[in-house]
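Chain lettering (A, B, C, D, E and F) follows the sequence in which the chains are written, and residue indices restart at 1 in each chain.
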Amino acid sequence: MGKLTIGCFSSLVGSVSLDFGVKLAEAAVKKGHEVDFWVSSNATMLSKKGQKAFKDYSHLAKTLTELFATGKFKAVVCEACAEARGYHKDDTMEGWGRRSMDWYLASTFSADRVLLIGGD
Amino acid sequence: MGKLTIGCFSSLVGSVSLDFGVKLAEAAVKKGHEVDFWVSSNATMLSKKGQKAFKDYSHLAKTLTELFATGKFKAVVCEACAEARGYHKDDTMEGWGRRSMDWYLASTFSADRVLLIGGD
Amino acid sequence: MATKKLAFIIRSLPYKTEASRLALTHAIASQTVEIYLEEGDNIEPVVCFIGDGVLNCLKSQQAMKHYGITSLEQHMKNSLLLDLKVMICKEDVDRFGLKEDHLIMDAEDVGGETKAQLVPYSEIQKVMEEVDHLQFF
Amino acid sequence: MATKKLAFIIRSLPYKTEASRLALTHAIASQTVEIYLEEGDNIEPVVCFIGDGVLNCLKSQQAMKHYGITSLEQHMKNSLLLDLKVMICKEDVDRFGLKEDHLIMDAEDVGGETKAQLVPYSEIQKVMEEVDHLQFF
Amino acid sequence: MKLGVFMSDFRGGSDVLNRLSAEKLGIILVGNGIYHATTKENGKSSPLLDKSANFYVLSEDLESRGFSSADVDSRVKPVTYSDVVDLIFNDYEKIIWI
Amino acid sequence: MKLGVFMSDFRGGSDVLNRLSAEKLGIILVGNGIYHATTKENGKSSPLLDKSANFYVLSEDLESRGFSSADVDSRVKPVTYSDVVDLIFNDYEKIIWI
């Protein structure tokens, strides 16, 4: 079993790149791997508490909660990216950490595989 | 003097398309025109209260406040887009309205010019 | 008493960005725009798919099954159900080797009567000239 | 006691998306990564510009003046100031008709000693082979 | 029609732009669209500039990316945000963003 | 190196991908990258498929866009998220997203 670090850097809420990251994490954890998940830039909002489910947006909160419960999934949001968007610590969804970018780099140190999901 | 309706549909926070929209609105208002400004999708966060100024993000809050003060600038955010992102009414920056999409269409009815800024 | 025409020209692929989805949801919002307008005034949307945008019109999109989101197919059907004018560029459909049979041309399964139109680009150019305002997605 | 190498390959144009900015800010974050690691362990970033990405390296970017945001120029200089390894693909620079003189090759004006390197693509390919993990922006 | 097109992209959108026809056509290069005005590849200017149209480029976006008016192709006129407002209201009736 | 590439785009990124060389190369078409596997233009398949590599396409992304395995070029193998995890850990050492 290995460790996969996924970074979602500028993937949008509303695109399916973020969904890809979460679904890949889910599939990896199911197979017994460990996953670290980092979001920054426009992916930041994935970690916001109180997202309302609409049929036009994928709603990933439930999957994330299940992933946290496995103990094999860590997720952290870029602190500065969140603050710049006016989204503060109290609004963070349960389970998520808030750290600076060096957390992501440190996570890659012990990772067997690293996938950075960039793009628009 | 005319009326310009600007829609920022999927422009990102962190791209310069949103900045373009706000700066164009500013230039139009300075020349005596009236501007209606609509944000939806990932542009929604422009209207969020409490955005912290970072040097890596353009900080448009000050310009918006000045624009509202002219009385020639109306700005409205897509209600559903905001709720989907977990950003609720109390968090809306002063001056902004929250409406459904038909507000944008109605604004185009009396507009002399309409510019939809789309893109990634 | 006036009607303003508004074109929604969709040139983007679906799902990567929200562009085509937003075009359709905003076009559909024309159904409730009257609450903001004077008696008798109205907005008439026209939706046109050109370039890569025609790939939004493919049948059997299973976005709800896999990602839990409304497909563009569903949005197109809703548009037709509400009698919106929907045009698809024939040259682009041909370029991709698609047939009318691959495309969402009606919303009969949900009780719609209006059909989408497969038209040459020149017809879409005419729409662009006729409408009051143009928007590209 | 180990050092892991991490490549940040930048292929995107600046400003439209945050991709190139995020690459540099994350590469720079390697300066403080030790707080999360065991004594003696470290992360060594290498930054490479290829394709359209080389246009991030142009001098005289006035993004702060016009948009109030740190320019990619500033981020590149910060990277050099912190002695990060920065490589720029020569074939792409040539393709755009640019000369070394157009590019940010050092951070001397802010007291930096490390220089950027203008190298053939084959050198960047070598970096990709050497590093532990690859990331494309 | 009198059509003003904001071109904000360097690598995409040309297919759509090439097909547009208008009695009067203005193309305003903004954002990463400015590279069409400044950047040659293998010695060749952007094919976009061969289209029959009035070309403008937003100075603020030029300068943000490290260029100045001196770098701009002679077919393209540098403009400010204020000029753009006048173009929108005085010269073109419909305006789109690509 | 053994390099796995996630190709998520239909219109961009090919320039970068074409230059990559690897002892073992896998290209996994995801998101709008799936059109490379399914869509011909003027009767021609995507030039991407001419590259010497192992090609995969994510079934979920195919089906979301209205395609099925029957529409996929014979050079490309449909895979699930679970298969992708195995490709990442067993077949490739470095993985990138374009």
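Simple rule for what comes next: a contact is a pair of C-beta atoms (placed from the backbone, for glycine too) under 8 Å apart; a residue touches a chain by one contact, two chains touch by 3 or more.
No experiment lies behind these values; they were computed from the predicted model shown.
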Next item on the list: Note the connected groups of chains, using the touch definition above, after excluding chain E.
Entry: one piece
Item checked: Far-end chain from chain C, centres as C-alpha averages -> D
Check: If you average the Cα atoms per chain, which one ends up farthest from chain A?
Finding: E
Notebook entry, point to check: Once you find the CA centre of chain D and the CA centre of chain F, what distance in Å lies between them?
Noted result: 28
Note to self: I'd like the Å distance between the centres of chain B and chain F, where a centre is the mean of that chain's Cα atoms.
What the structure shows: 38
Item checked: Inter-chain centre distance, chain E versus chain F - centres from mean C-alpha coordinates, in Å -> 34
Next item on the list: Give me the residues of chain C that touch two or more other chains.
Entry: 15-18, 25, 67, 133-136
Notebook entry, point to check: Counting only residues that touch at least 2 other chains, which ones in chain F make the list?
Noted result: 8-9, 11, 31, 60-61, 64, 95-98
Notebook entry, point to check: Going by the touch rule set out above, which residues of chain B reach two or more other chains?
Noted result: 10, 12, 14, 16-17, 41-42, 56-57, 113-114, 116, 118-120
Check: So which chains end up touching which?
Finding: A-B, A-C, A-D, A-F, B-C, B-D, B-E, C-E, C-F, D-E, D-F, E-F
Margin query: Using the touch definition from the top, list the residues of chain F that touch chain A in their complex.
Written below: 6, 8-9, 30-31, 60-61, 64, 80-82, 84-86, 88-89, 93, 95-98
Notebook entry, point to check: Inside the complex, what are the residues of chain D that reach chain B?
Noted result: 15-18, 21, 25, 64, 67-70
Check: Can you list the chain D residues touching chain F in their complex?
Finding: 9, 11, 50-51, 121, 125, 128-129, 131, 133-136
Next item on the list: Mind listing the chain A positions that touch chain D in their complex?
Entry: 7, 9-10, 40-42, 100-106, 108-109, 111, 113-114, 116, 118-120
Notebook entry, point to check: Okay, in this complex, where on chain E does chain C touch?
Noted result: 1, 3, 13, 15-16, 19-21, 94-98
